[in-house]
């Protein structure tokens, strides 16, 4: 089994919740969610086998977006909503 | 496979969470959720095949609305609830 | 296929999150959730076919209530909890 | 079909989110969740048929508690957490 | 059928959301979640039959933890996060 | 059956929600979620049998990440988002 590279296991990429723009904040939300997946399941082959399993299934895809929504709530609050 | 157009991959369409009205805020919540779906699954054919899969199924439809609810919580807070 | 009427597609009926009472706030939460369903699935026949599918199934009914709970969190905060 | 009684369709029983104690607040959270169920599905026979369906199934029971948790978040905030 | 004892039906054990420590706050979150389960399903035999059903199933176990997470959000806010 | 070690049953490892960095906060979110799992299901053999069950299944893995997202919301707020 191949382990995902170390940078894919950083829990908060960049080390901060503060971003310049909402666009960057949303990208960070996705990166945080993704790297928690990697930390719970660091085997590359299993992750790659699971990708079509969720990306082609509406229910799983919606569940993945929901996680991003929750992460984004945190990041948006951290940035005072970039007001 | 056809990739969704670039504008469908903008994570926060318009680049801001601030809107004039609650109606626009809700529309933004839907757009943000939708474009995260596109980013996780950018293949147009898979998205189009998945549409009847969720839009005709009550459980998946409810799950999709729940994501919009979460995005709207963030956007409403950003706009001080348009008070 | 019949499309739901235009008023069923207003994302935030009344155009505001502010209500006189908690009762009206809860009704608004339900209306917002419902109209997002309509917007994601505007075909009346599909909606009508889906109604018994969820209203007679405990799991789907609970999921629908959960969406209302989330919308109500937003509306209650908007109204300073009608304190 | 028998319709649930009118008082079971009041969306916010008592008309306020403010309670004397956390215990009463939690009871209100349950009442609000329950009456939204009634409003989405007002037929008594369907509700009674659905009760064993969820109360004897761990997954549905947990989902029902989750709705109560969300309602309680709102009510607790409304009451400044009864501090 | 045996009914769970009365103390297992107290919705907010101790009658307050305020605790001395995060550890106690987390234990309270679990107790609140558990007693809401008891209130929705007070029959001891059904609860005992349901226990292996969820504790041995990863999906149900994760759903149970999620409820605790939501209760803990409320309790942590009530305690100003024990800062 | 073997019971998980005592330290795996501490509900809030370290006894505080305050951390130096977002990275540590995210790790704490994972530890809190994990130890609640242990508390609900302290039998090591069942936990070990359940691990492949969730870590190789996209839906369960996403659900696990969602719990971490919720815990992280609490911890991030506790730390004023490490601003």
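Each chain gets a letter, A, B, C, D, E and F, in the order it is written, and its residues are counted from 1.
What we mean here is this: a residue touches a chain if its C-beta (ideal position, glycine included) is under 8 Å from a C-beta of that chain, and two chains touch if they have at least 3 such contacts.
In UniProt terms the chains read A, B, C, D, E, F = Hexameric tyrosine-coordinated heme protein.
Not measured: the values here are computed from a predicted model.
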item	value
Interface numbering overlap (same over half, different under half) for chain E and chain F	different
Rounded Å distance between chain A and chain B, as computed from the means of their C-alpha atoms	17
Approximate Å spacing (C-alpha centroids) for the pair chain C, chain E	29
Chain F residues counted as touching two or more neighbouring chains	57, 59, 63-64, 66, 70, 73, 77
Pairwise touch network: line, ring, star, complete, or other	ring
Round-the-ring chain order [start: chain C; next: chain D]	C, D, E, F, A, B
Contacting residues of chain C [partner chain D, same complex]	21-23, 25-27, 30, 55-59, 61-66, 68-70, 72-73, 76-77, 81-83
Complex contact set, residues of chain E against chain D	10-12, 15-18, 32-33, 36-37, 39-41, 46, 50, 53-54, 57, 59-60, 63-64, 66-67, 70-71, 73-74, 77-78
